[in-house]
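Going in written order, the chains are labelled A, B, C and D, and every chain counts its residues from 1.
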Amino acid sequence: MSDSKLLSLSRAIARFVPDSSQVVMGTSLETFIPFAAGHELIRQRKRDLTLIGPISDILFDQVVGGGCVHKIRAAWVGNVITGSGYNFRRAVEGGTIEMEDHSNLTVSMALRAGAMGVPFMPARTALGSDLFKTNTSLKVISCPFTGDTLAAVAAINPDVAIIHVQRADEYGNAHAWGNLGITREACMASRHVIITAEEIVSPDVITSDPNRVITPGFRVSAVVHAPWGAHPSPVPGYYNRDHQGFIDYRTASKTSETFADWQARWVDAVHSSDDYLRLLGEERVAELALNHHVIPEAVDYGY
Amino acid sequence: MSDSKLLSLSRAIARFVPDSSQVVMGTSLETFIPFAAGHELIRQRKRDLTLIGPISDILFDQVVGGGCVHKIRAAWVGNVITGSGYNFRRAVEGGTIEMEDHSNLTVSMALRAGAMGVPFMPARTALGSDLFKTNTSLKVISCPFTGDTLAAVAAINPDVAIIHVQRADEYGNAHAWGNLGITREACMASRHVIITAEEIVSPDVITSDPNRVITPGFRVSAVVHAPWGAHPSPVPGYYNRDHQGFIDYRTASKTSETFADWQARWVDAVHSSDDYLRLLGEERVAELALNHHVIPEAVDYGY
Amino acid sequence: MGIKNKGYTLPQLMVTAAAREIADNEVIFVGMRLPMLSFFLAKSTHAPNAVGVYELGIVRDTVAPEGILTMGDLPNLFRAQWLADTADAMGLLQQGFVDASFIGGAQVDRFGNLNTSYIGSVENVDTRLPGSGGACDLASLGKRHIIIMAHQKHRFVPRVDYITSPGYGEGPGWRQQMGLTGGGPSAVITTLGVLHFDPDTCEMTLTSVHPGVTVDEVLENTGWPLQIAAELSQTPEPTDAELSMLRRFDPKGYWTGA
Amino acid sequence: MGIKNKGYTLPQLMVTAAAREIADNEVIFVGMRLPMLSFFLAKSTHAPNAVGVYELGIVRDTVAPEGILTMGDLPNLFRAQWLADTADAMGLLQQGFVDASFIGGAQVDRFGNLNTSYIGSVENVDTRLPGSGGACDLASLGKRHIIIMAHQKHRFVPRVDYITSPGYGEGPGWRQQMGLTGGGPSAVITTLGVLHFDPDTCEMTLTSVHPGVTVDEVLENTGWPLQIAAELSQTPEPTDAELSMLRRFDPKGYWTGA
């Protein structure tokens, strides 16, 4: 067995996300968003990052607000239940970040191309749209067999994928259950993978169910114990979505000044998941607990 | 909830596999091979089938021996632990079947293209090989972004996928665990999907673990209860591989005459899984049982 | 807007009108916000066998057991039919297995092109909007899609500033010419009425106005000379049964409150 | 063949020689038959941190707990590190994460091209062999691959009848010209000796002969004038420890029996 990859959040981010990295995160769309890791990017004052993802919800807006971002390659940046991401708007309107406009399908195909080790993937989407104007990773091609007009999507191989999961062992083998979005291809396509996990478990727990593993451990660079690391987004089996967190963030991010206050309180003053939970308060944490349970029918992986 | 899709094996094959169908099966390579369904193709004297798959083990050899096959689009046809498939050899050497030579990667990409609704997928494999001579589904192309030389693999959309799994509900929702080979893309790419299952379970069992479902039930045309339906190949959680079955088949298939005897005994005389199990004998069935068990650590899909 | 004191809200009327665009047994690619409620309403009334596909990798043929605000809320994963990858959902869409979907927008034009990306120009951005998400894919690949949006003159423009989600482009034949294999917008549900697309000209055409809304009001809020259907009707009001369903799906009135 | 009564079989010698081609920490794409045993042997001796990738969708960093005959035998799924799709395994390969793999063959030529498809010609087939399986992918995409096969004149031919799995094609520069981004065969383990490829000429070169085998015997069984390394050695014999490991992995001697 190899050496342990267990690191603190700050060490994992310091080591595997240097300035100017291409970072893919928020790969399961509304679920499993790695907010704790995203906040660490802000705390460490990362600069010139390229953020890659499908819809991102408010995570990308926060990292933009933290001044860490040079470019975004994504399909959507905003606040799913309230609309605009205000830091993102200010940054694009002010010309301080570059944008590569994707759709959910093109960003998935870009990462699938990366995951499969090919320089592009074909799709039938976005033809006739202006995505071709603001995304040089898209080109119109003809099918060599049928002559059909297709969109070619150039591969993306991020420097690092940051993925939140339910549980992982210290060697990088991680279980995720729920909707998976573009997580599988993001892990496969990235040079490094940082796993943040609700729980660190023994390898026996992971090998008891190898179909739930999202990417093989040898491709993972760091494993971080990050309970509540996806709050306010939901994690199947652990906690529900905290809608109020998203609604409050909308108000907090309306101006640069109010965002600075938000960042001081919810990011810069937080140094551990205990800090974060204290800030959240017991009552709010309790409200997010699961009240209905479904435990899967057993299966057997024996011989 | 829609109508039940539960059919007997003979009705499912009669209805969804007409002569001249393009059939993908054996999609998990050495595991889950749908032998019971393949034997039904032979019993019903199907003609002019095109068989599609990765390595097929001895299943394709049997269906070729049964006189059902016009063309094969596959990476490998033989007997994994003994070598040649003799019916296949005789048929190709005698010029009675057409061959489209794939690699495991190209057949996966052909079905992934089908599954994604695009007419081709790019790969870096097989360049310089003679697969291009015996497979018109392959062309050399240049990447529109990098100029790299690539293999383009034309999409395959089979008429029907025949997939063996551990358990399914009557609406076509099926759980499979273990290695999955090219099963997911085969189901997604095919017009019809026939599921043969060790057990038919209530929908509640399936929805207790939606990550184990291999394709959504609305894409499935028929569900068949087929206990021991993959014997002599193994099914995780149900039975081990019966090596002797493969070794015996090697001997039995050496000549057309001995194969005819084999077919009479193991296919034509069998009309149910009970018949098949009687033929196998209790002792042999008992030897294939699992003696070591691994039950996965629980997860929760609640809210 | 003329529907005050009628016992329902404007969003409830719009959700109900959108739900009526779904037929039974259809496969629906379910988008966020009002479209999600429309799908739930259709499933619970006239389309019990409709199947919902969600871009984050969910297929389910039942309604979530509790009111939800995003498609990723855990009740929407609970006893789903399939939890998988975004690419799996998109594969169903791109293969042509999706009958209909719903898309919102900030700008729409007479040919149903939608903009949710840039107001102004790309070089000189007045307002940056969130972007496509899956909308461009739905507009490109579904058999048809239904647009839901506010009916205001600055939103209903002769030509959108940026095509995020292609409609009929510049008119008949454009989609085929671009390589889009089918589909296109079929209806627009607005805050003032319902519009459909003329099969010959591909132009948006007013087919019903909401209770209390006049045709002039619609024309004033549309940035081009709008076509009016010969048989113009009034948008049917939500029934009590529909309203009580909607209150179950949106118990706090987050989406459909007054 | 000269190794009778030495306390080991020829397959055991070959498997041991092949195992020595694996270094610790390498990612190995494990093929069927002897290659599987070579991987298990390497993992249990000098390469404990090697990771095995299997084309049917398995990654595991431990040896199966029981002797197996195919990579799909249930003990090889038991407590695997990852059970996934063939495309996932192939993605690792095509991205360049696989260090080495093993391939068998029916015909090989001086540049390491392998034929496992057609003897004779495609138009006029003498013998149809099973085909590529994953072999073409391994030969195309791995950083290097090791060939294991019987050393007979009708198998070691000047030019294979059909290239199933590309070696160095027609010599230096050919792989780059075809678009293959790296890799190529690094060694051939035969029933008579071990051969490596000359980095300049890409030609197969005899580097060791098995105990009791003469160089003349190798030359007689090779269909072209074979290059001989300046420092020709004898293939090291399996140690007792290696043999006892092998008996654990192949308890009935199915692959490595006399």
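Simple rule for what comes next: a residue touches a chain if its C-beta (ideal position, glycine included) is under 8 Å from a C-beta of that chain, and two chains touch if they have at least 3 such contacts.
Composition by chain, UniProt nomenclature: A, B, C, D = Coenzyme A transferase.
All values reported here derive from a predicted model rather than from experimental measurement.
**Student:** Please tell me whether A-C or B-C has the greater number of C-beta pairs in contact.
**Tutor:** A-C
**Student:** Specify the chain most distant from chain D by Cα centroid.
**Tutor:** For chain D, the chain whose C-alpha mean is farthest off is C.
**Student:** Just give me the whole-number Å value for how far the CA centre of chain B lies from that of chain D.
**Tutor:** Those two chain centres are 27 Å apart.
**Student:** Cα centroid separation between chain B and chain C, in whole Å?
**Tutor:** 40
**Student:** Per the centroid of Cα atoms for each chain, what is the distance between chain C and chain D, given in Å?
**Tutor:** Roughly 58 Å, centre to centre.
**Student:** Please set out, as single numbers or ranges, the residues of chain A touching at least two other chains.
**Tutor:** 116-118, 123-124, 148, 150, 177-178, 180, 184, 207-208, 211, 236, 240, 290, 292, 294, 301-303
**Student:** Send over the residues of chain D in touch with two or more other chains.
**Tutor:** 65, 73-74, 77-79, 83-84, 87, 90, 93-94, 141, in rising order.
**Student:** Chains as vertices, touching pairs as edges: which of line, ring, star, complete or other describes this one?
**Tutor:** Graph shape, chains as nodes and touching pairs as edges: none of the named types, so other.
**Student:** Run through the chains and report each pair that touches.
**Tutor:** A-B, A-C, A-D, B-C, B-D
**Student:** Quick check: in the complex, which residue numbers of chain A touch chain B?
**Tutor:** 116-124, 137, 139, 141, 143-146, 148, 150, 152, 154, 166, 175, 177-178, 180, 201, 205, 207-209, 211-212, 236-237, 240, 290-303
**Student:** Which part of chain C faces chain A closely enough to touch in the complex?
**Tutor:** Against chain A, the touching part of chain C is residues 32-33, 54-58, 65, 69-74, 77-79, 83-87, 90, 93-94, 117-118, 122, 125-137, 139-141, 162-166, 169, 174-175, 178-181, 254.
**Student:** Which residues of chain A touch chain D in the complex?
**Tutor:** It comes out as residues 1-2, 114-118, 173, 184, 188, 204, 206-208, 210-211, 213, 215-219, 301-303.
**Student:** Please give the residue numbers of chain A that touch chain C in the complex, ascending.
**Tutor:** Listed in rising order, the residues are 28-31, 54-55, 74-78, 80-81, 83-85, 88-89, 92-93, 95, 99, 101-105, 108-109, 112, 123-131, 133-134, 140, 148-150, 177-185, 233-234, 236, 240-241, 243, 290, 292, 294.
**Student:** For the complex, give me every residue of chain C touching chain B.
**Tutor:** Checking each residue of chain C against chain B gives 27, 49, 51, 59, 61, 65-66, 73-75, 77-84, 87-88, 90-97, 141.
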